[in-house]
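Both complexes below contain chain A, partnered by chain B and then by chain C.
Let's turn to the complex of A and B:
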């Protein structure tokens, strides 16, 4: 029997959905509003929502205090670099696990994910020392490697779930049709997996873009991405909320725009395989 | 050429033996059907021949050459899968052209062959469509087209018709038979449907639990089943198998009589029974008759219309020379009543 959907019920769920949406969105809205306030209005009690003197002063200040584009360029390098490197390893790994599973495949997948359960700070000292030894501190290359490694398990998992959805018979057909291993992957598997690979790439770019722990600890200025740019506007004393908010808005703007235009792909990627 | 010999082929997954030592010779140009209940290893056997699974032991010889270690692509065989396994991101043309492209054939020759295959399979109208926009029958034809353009040594079919509806299945069955007559290429066809096996095969291989129960032409299997399993599997509806006192009369452990070899009468006969279910098809009448001679209902077929209904009393008389006798191990006994007579 189909469930009866009454108008009252519809209104109720709509209001609830909006409420949840607003709760999630509120911090971003508040940051956005604060970035246009003066420092004093930013900390005024009671807080002001829209009735303040809108100003672009904060944006002007942070432009003169630091070079936004330098940080943004680093963010782009790091997120794209680590994603590209990740795909090179994750695609063959996921391919092998999805299409030639062994008795240990599930264990390997879980083990890879378990590395994400370790608090990052637990390995900060060893990694820091390694960076010192190899001269990688404050270098883009070093950070690309670290970001690639911390996100690799997620990349493999996502691609694995995508590849699982591709019927193995199609790849067997390609093998029967005389395709070599590389042709099988490039001409049959990859084109079918494009939507999956695209959302994996997108998610990985976002994760790398927003990653703050390693980027803050392993860089000073040369390789510092936008996370460091934001952090540089927080200070132990004085009023800085408005400038910090402006910096945050500038830092998330590019990824927000990219995410907005590809949200369909992203949602599909995150819920893929959840429903059949 | 398309001669395939299996010598002592064995397949095990870990400790589970799917196919114990199996020998089989398939001659060039034969239409061979592997038939058996699900889980009998028929698909695994086909995949071993294709090279999609590795044999645990034994040899696969194709055209006199040991192909046991060859990858699928090097065996020169083409396969049609149950799910069709078309490339969803390619048009019909590109799907059919794919094996030729992989073989490095030049563009003009590929186009020529694809056009020819599309024409023979009535696919020219859909040549630029994607598989998602085709019906089941059309997809099946694309899969066959992709197999024939390569001019393989042999075709392997893995239950190709089981995803089609009944009417289409009969049509495709004819098309595949015609294709075999035209190409005269070896075909190995896996099915669980004994009607497909009977109608298409030159040679049927009946499998059970990885073992070959019997190999022979459809009529050989029908007339001389080697054991009770083949007797019960080949023929539709199934052969009636009776034990006990009735079998003892023929000095056998079990006797078998096909539904079409039992004479029906409403007045007299050897076995008295009550009709449990009657199926009137016009061309034939099938009766399921409960009788004291057997604890399960006996199936009987009459030509044309036989006007009885559930609850009516009928008399059954088996045709003496059509009775199959089986011994205690279920094996057919050589001197059956016909041989004596």
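Let's turn to the complex of A and C:
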């Protein structure tokens, strides 16, 4: 906005906006603070905000007592594995749709979108039984395949909207100049496609990391990611607020940081290109 | 440019993605449909006689189903109301000039990246616990009696938790739409003497209407299948007060081992979701031509 805003009004807006922001952010901030308290301070009445003895005890306990890194490793395996598998299938498909569209391209895209709307619970039973039958229950491989399939439509869509913005003429120009196919791909197309692919990867990692229907229903311990690790805190075990907070921070911190960096691309990916 | 050769190449490039999605969609759905006509329980998995529509009549006439259907609707509509209205207001706020706008923006979108199980447990224990929760302590501090959120108002609690998770999504998309509105229009209206409220009502809101529709449709798809938040907070209770369709179906299978009824429930959920999906696909399809 180019309009001039008076300083007084700007300060008023600043105070109000920060207040709103802090209220929304408060549960995360509070979890962050609590993760550095002792269990006693965590439930003290009245609550203490910053005037407590900061300790790393909870983080140490989480690391040593529960095998946190086992779950963390699973989260990384699942989100990266399903994303990599997804790219192998999605890049060629999106590429073909963007550069050699046919009459049916639009129908295929919309059909892919509609598979995303199949409620998971509608296919839970057969997938569960198939997993039992093929020994995939609580295996990383099985979950990677499921996460890959539920996110594939989003991958194809998002890549398609990015690829469509690459002008086709540039390929012809490169060909005219005598570029070979490998040069065409590595030196002309790849540099233009990489940013789109990167943001698609980010969104897919976020979605897979936080997926909590299939990961909760198809794992017990071996392949369980952080979503299941945190869910295990839901049964009351006495005073555990500080430990719960530390575990929560460890589970959300990586993705929070990734998410903050990719907020712009997120809109496009989550609305299937409908809002840019 | 689309010669026969490139057309075939394009088909070959699309085929793997199309085929795996086709299998993913058809095989399990056909199995669910098949199981839904059997008397199939995990306690006696070797005898699964055909029972026709019996599972459907059992599932649909179960009073819990009606409760779950009502809860599902309350959950979806409640969260939509909070996130759309809140999202519009916060988007308008973030569109203003103020100090630290980028930091406030980061704080506002943060809840979206919090995994559902973390969000639910943090709210259940640290915010809503009647004794140690922050909300309870604040209420006590001003002399009110704190309530036990999870047992007294279980569904409202879940609405609040889920709305907190989705508010950033609505805000982010509405803000993106808002920032594409040219300021010329607003300035012209201002010169003609339009007040802030009528500018909002006649210029800003119509401009955002499509983004609002997109938010409503996409959120509905996700909100129909809320599961983890219920599992780690109320487990659908007390009674069935916070059970939604997704939770009910999963419960039929995991707690009661009734594969037949769960499958019938799954098909019902698919039909409900499809009603929403038709609208969404049309809307996005229209946009694809533009």
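Operating definition for what follows: the second predicted complex is superposed on the first by the 168 of 276 C-alpha atoms of A that agree within 3 Å, B and C clash if a C-alpha of one lies under 4 Å from a C-alpha of the other, contacts with A are read in each partner's own complex, and residues count from 1 in each chain.
Heads up, the rule we're going with is that a contact is a pair of C-beta atoms (placed from the backbone, for glycine too) under 8 Å apart; a residue touches a chain by one contact, two chains touch by 3 or more.
Everything quoted here is computed from the prediction, not taken from an experiment.
Peer 1: Taking the superposition on A as described, I'd like to know which of chain B and chain C A:191 touches: first, second, both or neither.
Peer 2: It touches chain B, and chain C stays clear.
Peer 1: With the two structures laid over each other on chain A, which partner does A:48 touch: chain B (first), chain C (second), both, or neither?
Peer 2: The answer is neither, since A:48 touches no partner chain.
Peer 1: Looking at A:207 after the superposition, I want to know if it touches chain B, chain C, both of them or none. Which is it: first, second, both, neither?
Peer 2: It touches nothing on chain B or chain C.
Peer 1: Which partner does A:169 reach: the first (chain B), the second (chain C), both, or neither?
Peer 2: first
Peer 1: Which partner, chain B or chain C, is in contact with more residues of chain A?
Peer 2: The partner with more contacted residues on chain A is C.
Peer 1: For A:80, is the partner it touches chain B (first), chain C (second), both, or none of the two (neither)?
Peer 2: A:80: touches no partner chain.
Peer 1: Who does A:13 touch here: chain B (first), chain C (second), both, or neither?
Peer 2: So A:13 only meets chain C here.
Peer 1: Between chain B and chain C, whom does A:72 touch in the aligned arrangement: first, second, both, or neither?
Peer 2: In the superposition, A:72 touches no partner, neither chain B nor chain C.
Peer 1: Which holds for A:109: it touches chain B only (first), chain C only (second), both, or neither?
Peer 2: A:109: touches chain C, not chain B.
Peer 1: Applying the touch criterion given at the start, work out whether A:153 contacts chain B, chain C, both or neither, answering first, second, both or neither.
Peer 2: second
Peer 1: For chain A, which residues lie in the overlap of the chain B contacts and the chain C contacts?
Peer 2: Residues common to the chain A contacts of chain C and of chain B are 172, listed in rising order.
Peer 1: For chain B, which residues count as touching chain A in their complex?
Peer 2: Against chain A, the touching part of chain B is residues 50, 52, 71-73, 77-79, 81-83, 85-89, 98-99, 102-103, 146, 150.
Peer 1: Quick one: which bits of chain A touch chain C in the complex? Just the residue numbers, please.
Peer 2: 1-3, 5, 10-11, 13-14, 16-18, 20-22, 24-28, 30-31, 34, 42-43, 45-47, 89-90, 92-93, 95-97, 99-100, 102, 106, 108-110, 112-130, 149, 152-153, 156, 168, 172, 206, 209-210, 212-213, 216-217, 226-228, 230-231, 233-234, 241, 244-245, 248, 251-252, 255-256, 258-260, 263, 266-267, 270-276
Peer 1: Applying the document's contact rule, which stretches of chain C touch chain A when the two form their complex?
Peer 2: The touching residues are 1-2, 6-7, 9-11, 13-14, 16-18, 20-21, 24-25, 27-29, 31-32, 35, 90, 93-101, 103-119, 121-127, 131-132, 134, 137, 141, 164, 167-169, 172-173, 176-177, 183, 187, 210-211, 214, 218, 221, 224-225, 227-228, 231-233, 245-246, 249-250, 253-254, 259, 262-263, 265-267, 269-270, 272-274, 276-277, 280-281, 283-285, 287-289.
Peer 1: Help me check something: in the complex, which residues belonging to chain A touch chain B?
Peer 2: Counting only chain A, the residues touching chain B are 167, 169-170, 172-180, 183, 188, 191-192.
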